[in-house]
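Take a look at these structures.
Each of the two complexes below includes chain A, the first together with chain B, the second together with chain C.
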Partner chain A sequence: MDFTFTPEHQMLREMVKKFTEKEVRPLSQKIDQEAKVPMELWKKAAELGLLGIAFPEKYGGAGAGEMGYCIMLEELAQGDASFTVMLGAHISIGAMSIYLDGTEEQKQKYLTKMCSGEYISAFALTEVNAGSDAANIETTAALKGSDYVLNGTKFYITNGGIANVVIVFAVTDKSLGAHGGVTAFIVESKTPGFKVGRELDKMGIRGSNTVELIFENVRVPKENVLGKIGEGFKTAMKALDRGRLSLSAGCLGGSKRALELSLNHAKQRVQFGKPIAEQQAIQWMIADMAAEIFAMESMVYRSAWAHDQGMRITREAAIVKMYCSEALDRIVDRGVQIHGGMGFIRECDIERAYRDARINRIFEGTNEIQRLVIARDVLTKGAY
Partner chain B sequence: MKVVALVKAVPDLSESRYSKSEQRIQEKGPRLMPAVSENVLEVVRQIREMGKEVSAAGMLFGNQSEEAILRKALAFGLDQACLISGATDRTDPHVKSKLIAKAIEKLGVPDILVVGGASGFGGGGQVGVRVAELLGFEDVWTVQDAVSAKSKSVLVVEQGSNQPRIPNVMAVMKAGSKEMVMFKAEEFLTADEQKPVALISREEWLA
Partner chain C sequence: MRIICCVKHVPDTNAQIQLAANKKDIAREAISYVMSPYDEFAVEEALRIREKNPGTTVAVITLGPERVDQVLRTGLAMGADEAIHILDPDSSITDPLIVARCLAQVIKSGGYDIVFCGRQAVDNDAFQVGSAIATMLNVAGMTLAGKVEVDANAKKVKVERIVEGGTRQIISGSFPVLITAQKGLNEPRFASLPGIMKAKSKPVTKKNAAELGVDLNTKMIIELLEVPVYQRKKRVIQAGEDGKSAVKQLIELLRTEAKVLE
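Entry: the complex of A and B
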């Protein structure tokens, strides 16, 4: 067993850390207040090749694997959660869907531009009546001549209002249900009939763009069918599988930052004549935070490594997503407690961290759904 | 055009402790690339961006274990790296310069040699000028950013003189597979020739 990172991955971490400290973290409060990530920041990330990190060189990527991708998101999450989610949705589910199931032409046409940052991507599965029950989507795609015509409304779509390309899941044959009846489409946002509905005002990750997308007779050429007709649900599940691990790497980064902020505060805040860090009650919280971070780090990188070795990690990804998002919530909660009243005040970084953390237990499959996946897998295949 | 950049390895001062009794730093942990070397590599990057066909190599005088520093230098976009290790003494600027000059001759004398000024760790800032003299370079310039020079030149870059840009992920991932040339000090100088000349020992100084 060898638990060391390769020299390349160590350098990658150092490089992203520098970028985070220099360019991302100083903007975090502004991103939250203005509910917007400046496009300048996206461009800077693109110039450094961060957007193509997980994809092969032939598409303009860096070929750093899931390991490299997780390292990047862990570091970025120590700078700003909204920006991390913006990149995460673009890479893990938007671009990833094309990488996993696209044809070579589709990859050359779209994935290369997603790696270079010229295109922002989004992934549109959820609808008002189909969240956890994603198989219940109602958006339709009907074949008319050489085009599919899309009609329907998607909800809660990350990057939806700023994306150039959206992966849209629609029903092509209602009689076949989700498996067989749902197809994935690559839809360019400039297509007539593609409309961005209202932008949703959120508790946390406020800078990440979350919108409603409306499709009114949107004509998509046949060559933009992603994967096989009727196999869209498989594409969606495969991409979400990948997303779960990197989302957890973001949770790990957020946790490390919350601990760092808490340590700084605990060492410096004096009550009863000594720093509160000397109180056992505070030390126990710090110990619990450190222990959970250790567990998160171990499971994220073990799973990323297994993935890069070609192993299937469906059960692991669900476990890691469930554990890390819940651990992050416990950690930011303790962080606020350690900060006392200051932890409840907007200008304090831990206040934002507390709000930003909460979404992780909900999106990319709620934690209840993760538990369903884990239990089903354990019950059918056995424990370990 | 060929460029060689000299890269340094300095002790990790956050890990190392100063020993009062020995009056020197007791090194702990692996050595690191100092900030001044990033300033050097930024100048090399600017030379590349000036548009000429440039091949750039990084050279480190140090220990075998410091290969990681050169890998990092490669991530800043160099084509090749060269490590000179096994010297009996690594502090004497005279010996150091001679070894570096010999290694450069073996690697192919460049048009431009970019070196850092004092590194903030025992740095006398002498190596650049000494190597220039040994190689017969006519000009030594202290620069902040890249300049175009007519004759073979040494550019000395001081710490903090420019804003080093962060390397690109593609370059980072390729750094591991780029060429690393390994030289041993004994290939160039005998143990006798490696005796410190420019510096005297603490004992001599105190006497």
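Entry: the complex of A and C
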């Protein structure tokens, strides 16, 4: 067994760490307060080639693999959660859907521009009545001449209001249900009838753009069908599989930052004549945080490595997503506790971290869905 | 034009430094290393000169054990074209004079127009290698550059130096020259992700220090390293009835003793 990172991955980490410290973290409070990530930051990430990290060089990517991608998100998440989610949604599920199931023409037309950052992408699966239960999708796509005509409304769409291209999942044959009846489409946001509805006011990751998308007779040419007709659900599941792992890398980064903030505070805050870090009650919390971070780090990179070796990691990705999002929640909770009253105040970084953490147990498949995936896999294939 | 940048792999400025058991070196295990910040200014400047002068090549060179290969990779990832590693397998070369001698020997053999160094390496702060190389190469040593202008056709360099008290001094010289980079010279770029991935396939030439044909006999050895012991000073000025004179006294002490006021 060799647990060392390659020199390229180490350099990548150093580079993203510097970028995070210099360009991302200083904006984090502002991003939260103004509920917006400045486009300038997106452009800077694009200039460094970060947006193409997971894709091959022939599409303008860097070919750094899932390992490189996880390293990047871990570091970025130590700067700002909203920006991490913006990049994560763009890379993991938006661009990734095209990379996984797109034709060569679609990749040349869209993926290259997503790697360069010219296009922002979004992934529109969820609806008011269809979240975890994707078979309930109500958005329809009907073939009229050489176009599909889309009608319906999508909800909770990350990057939806700022995306140039959205991967939209719509019903092409209601009688067939999720498997066979749902098709993925590449929809350009400039298409007539594509409307951005209200922006949702969130508890955390406030800078990440989350909107309702409305499709009113949106004509999508046949060549923009992504993958095969009726196989949209497969595309969605494959992309989400990938997204679960990188999301967990973000949880790992958020946890490391929360521990760092807590340590800084615990060493400085003096009560009863000594820094609270010297109190056993605080030390136990710190020990638990460190142990969970070690577990997260181990499982994220082991799974990323396995993925890059070509192994299938459906069960692992679900386990990692479930564990890391829950561990992050416990860690930021202890972080707030260590900070005491100050941790409850808006200007305090740990307060923001606490709010930013919560979504991870919900999006990219709720943790209840992850448990279903894990249990089904264990029950059918055996434990280990 | 050929530019060579001398770079050094130094402990991360954020690293927690502890002494090795022999008290002649720091504990090298488990500390992270970076390119010395002044060397980053040097590499950045070289890359900017190359951008303005097509056909220019930029090489990075370093001396040290296998580990320091990483600082060359960083230089290559920033955009340098090639790298040279002078191997000192067991880190036995610590005397700046010998370091300069090895670097000068290799630089001379490859040809060059401009040699860049950082003004100092931020680990040992010896401030010697740049100037020593200039002397050994018998070229102008233009130190503490805050601004560099290159006229490739005339083969001339103009350097703005920032000296004591912020005074600017403008000096010029003809190729070849050696320039040491000062803070403020530029804002070093981040190595881009494609740059990092491409660095893997760029050439790194390895040469063994022992085989350069230079005298490696050290003239200086490190006897002892000691970490400073900081003592917190506390002083209370009694205000008494007359607050004014106490304030006056406080300002005076802040100026003369604490030296935090001018």
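Everything below uses one rule, namely that the second predicted complex is superposed on the first by the 384 of 384 C-alpha atoms of A that agree within 3 Å, B and C clash if a C-alpha of one lies under 4 Å from a C-alpha of the other, contacts with A are read in each partner's own complex, and residues count from 1 in each chain.
In the analysis below, a contact is a pair of C-beta atoms (placed from the backbone, for glycine too) under 8 Å apart; a residue touches a chain by one contact, two chains touch by 3 or more.
No experiment lies behind these values; they were computed from the predicted model shown.
Aligning the shared chain A places chain B and chain C in steric conflict. By the document's definition of touching, both partners, chain B and chain C, reach A:Met11. Once chain A of one complex is fitted onto chain A of the other, the partner contacts of A:Glu216 are absent, as it touches neither chain B nor chain C. Of the two partner chains, neither chain B nor chain C is touched by A:Asp133.
Judged by the touch definition given at the top, the superposed model places A:Phe19 against both chain B and chain C. In the superposed pair of complexes, A:Gly63 makes contact with chain B and with chain C alike. Once the two complexes are overlaid on the shared chain, A:Ile53 sits against chain B and chain C alike. Note: residues 7-8, 10-12, 14-15, 18-19, 47-50, 52-53, 57, 62-64 of chain A belong to the chain B contact set and to the chain C contact set alike, using the contact criterion stated above. The touching residues of chain C, when paired with chain A in their complex, are 34, 69-70, 73-74, 77, 190-197, 199-200.
Interface residues of chain B facing chain A in the complex, by the touch rule stated above, are 68, 71-72, 75, 166-170, 172-173, 175-176. Across the interface of their complex, chain C is touched by residues 7-8, 10-12, 14-15, 18-19, 47-50, 52-53, 57, 62-64 of chain A.
Contact residues of chain A toward chain B in the complex are 6-8, 10-12, 14-15, 18-19, 22, 47-50, 52-53, 57, 62-64, 68, 72.
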